[in-house]
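Scrolling down, you'll hit the structures one after another.
The following pair of complexes shares a single chain, subunit A, combined with subunit B in the former and subunit C in the latter.
And then the complex of A and B:
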């Protein structure tokens, strides 16, 4: 079904009887060319680009729960491409360019809103670091602007400028950054993939991998055996669990990241702000709720919930950035499980098992990467070589000393 | 979470800084036992990252400043106990087949 304004008008005039399901809930077939494990944003995007760009349509996406029920529905919906290192920045900018045309591409309203991402700085040293990052971004053709305090004040008059322990001096601004309706990304990709013939199979948990002679031949699932020429694992949050079915260990620890929403209010936060003197970031959803978050809890966790000390820490960050936040009630908090990699950067790579591919390690930057991750993974699956913007996301980069460590904190996953 | 520090007793987790999974002892360095690059890389970067019962290093930074290994469950956040990091591997090696903390 093709969505358009005309279609809405016509359906409105004819009793809305013509709508059909957005995508097809499929039964598993016995064999596919590619089985994608994980029906989150990245898995569905991979299926979509495999079918649309690379012409491989005999594809299944198998999902343990329901599509979009994992991290693509649990994030804080921010998109940006303000990275610094050569291995990262071209990839995230590729992602940003795909976001900019995504809704037209898959014909679904994902509410992509380029409302601007502002990283605040609070010291001379931090300003210099942001100037350097902004320059690195501009060298890759990405928009970046260093704002002084007056410019930040005109964008966000309600922040704490005069009485803060760490006064806001300015910020690094990426006007093309913004937010996206996260669930709609999963649904839009599901629609696009489904229309190209991809089978989306829900309630289908992978319980084993069939490997013969060092090559994958299929997967065991809760809905039977599915044979496959290629198996593409794409289950960030549960990567270690799923890859252990093939006997593989990964440079990943699992951690819980919490997020929060306040009661709805009139528009006060036009874009996305990150606080530079603590770990806190904030935006306002179109429904009016303030969406915010901060650090991961820090200990290893597979539980999709966190603990109170981090909630307190996040709220303290918010209060010091914008004291008027204290008048709003927090109405929801939740947790998601992050693949925290050893250098803070992801993986899109082959594995030591022929035909088994791995995409994961997104730390807490997976949502913004969704389109490029899917595109580059599809490229790897179709061509057996990395896409040119994802050549550094290899599993062997630690052995080669080629880490992509934006923060420079070393092999310490809970600090990335 | 409350963590039973072997030195200080039951303390709130905010006093501790988590370091990461204690899955394998540090490879012995020096002399003939100099670790192969692959052994060292595996120790530094690769994890089994099991869901469920886990051993994890914590530093009691706002307490006695001891390094402890906390035995806990990553699915339920239940804490079973804690051992001084200096004693953990010696104890674990004495009972190689047993999971600690159960």
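And then the complex of A and C:
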């Protein structure tokens, strides 16, 4: 089905009787060319680009629960490409360009809103670091602007500029950054993939991998055996669990990251702000709720819920940045499980098992990376060589000493 | 989370700093053959289990002792706490 304004008008005049399901809920077949494990944003995007760009349509996406029930629905919906290192910045900019054309591409309203992402700085040293990052971004053709205090004040008049310890001196601004309706990303990719003939199979948990002679032949699932020429794992959060079925250990720890939503209020925060002096970032959803979060809890967890000390820390950060936040009630909080990698950067790579591919280790960067992750993973699956913007996301980079450590904290996953 | 410190009794986990898997106690021998591969495995690869996990916590806001805490990563329930010193000595490390 093709969505358009005309279609809405026509359906409105005819009692809305013509709508059909957005995508097809398929039964598993005995064999596929490619089985993608994980029906989240990245898995569905991989299936979509595999079918649309690379012409491989005998593909199944198998999902343990329902599609979009994992991290693609458990994030704070922010998109940006304000990275610094050569291995990262071209990839995230590629992703940003795909976001900019995404809704027209898969014909689904994902509410992509380029409302601007602002990283605040509070000291001369931090300004220098952001100037450097902004220059690195511009060298890759990405928009970046260093704002002074007056410019920030005109965008966000309600912030606490005269905090005695952390006065806001300015910020690094990426105007093309913004937010996206996260569930619609999963549904849009599912629609696009389904229309190209991909089978989306829900309630289908992978319980084993069939490996013979060092090559993968299929997967065991809760809905029977599915043979496959290639198996593409794409289950960030549970990567270690799934890859252990093939006997592989990963440079990844699973950590819980919490996020929060306040009661709805009138528009007060036009874009996305990150606080430079504490673990806090903030945006406002189209429904009016303030969406905010902070740092990971910092210990291994698969629990999808965090603890109170981090909630307190996040709220203190928020109060310090914007004291008027104290009048708002927090109505919801949730936790998502992150693949925290050893250098804070992801993996899109082959593995030591022929035909078994791995995509994961997204830390908190997973949502904004969704389109490029799917595109580059599809390229790898189709061509058996990495896409040119994702050549550095190799599993062996630690052995080679080729880490992509944006934060420079070393092999300590809970600090990235 | 409350960590039942073997010397100090129940303490808030917020007093501690988390390092990671207790396998970090088992530092490889840098003189052995294949030390580079052994250090890669030691430093970068993790079991990362969903379930009971032995992990190192440092009591930074307390007596600055290192603990080995056994905690379920699916429920956050802590079942066992020992001094890392005792665990390391049992494994034949240090004096």
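Everything that follows uses one rule, which is that the second predicted complex is superposed on the first by the 414 of 416 C-alpha atoms of A that agree within 3 Å, B and C clash if a C-alpha of one lies under 4 Å from a C-alpha of the other, contacts with A are read in each partner's own complex, and residues count from 1 in each chain.
One rule holds for everything that comes next: a contact is a pair of C-beta atoms (placed from the backbone, for glycine too) under 8 Å apart; a residue touches a chain by one contact, two chains touch by 3 or more.
Keep in mind the model is a prediction, meaning the values are calculated, not measured.
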**Combined model on subunit A: subunit C and subunit B, fit or clash** = clash
**Message:** Going by the contact rule set out at the top, does A:241 touch subunit B (first), subunit C (second), both, or neither?
**Reply:** both
**Prompt:** So, A:414: does it touch subunit B (first), subunit C (second), both, or neither?
**Reply:** both
**Request:** Once the structures are superposed on A, label A:253 by its partner contacts, choosing first (subunit B), second (subunit C), both or neither.
**Result:** both
**Which of subunit B and subunit C A:398 touches, first, second, both or neither** = both
**Request:** May I ask you to decide whether A:298 touches subunit B, subunit C, both, or neither, giving the answer as first, second, both or neither?
**Result:** both
**Asked** Once the two structures are fitted together, what part of subunit A is touched by subunit B and by subunit C alike?
**Response** 240-241, 244, 249-254, 298-303, 307, 309, 342, 398-399, 411-414
**Request:** Under the touch definition given earlier, write down the residues of subunit C that touch subunit A in their complex.
**Result:** 1, 12-14, 18-21, 36-37, 40-41, 43-50, 53, 55, 71, 73-76
**Item:** Residue numbers on subunit A that touch subunit C, as the complex places them
**Value:** 238, 240-241, 244, 249-254, 298-303, 307, 309, 342, 398-399, 411-414
**Request:** Please give the residue numbers of subunit A that touch subunit B in the complex, ascending.
**Result:** 240-241, 244, 249-254, 298-303, 305, 307, 309, 342, 398-399, 411-414
**Asked** What residues of subunit B sit close enough to touch subunit A in their complex?
**Response** 1, 12-14, 17-21, 37-38, 41, 44-52, 54, 56, 58, 72, 74-77
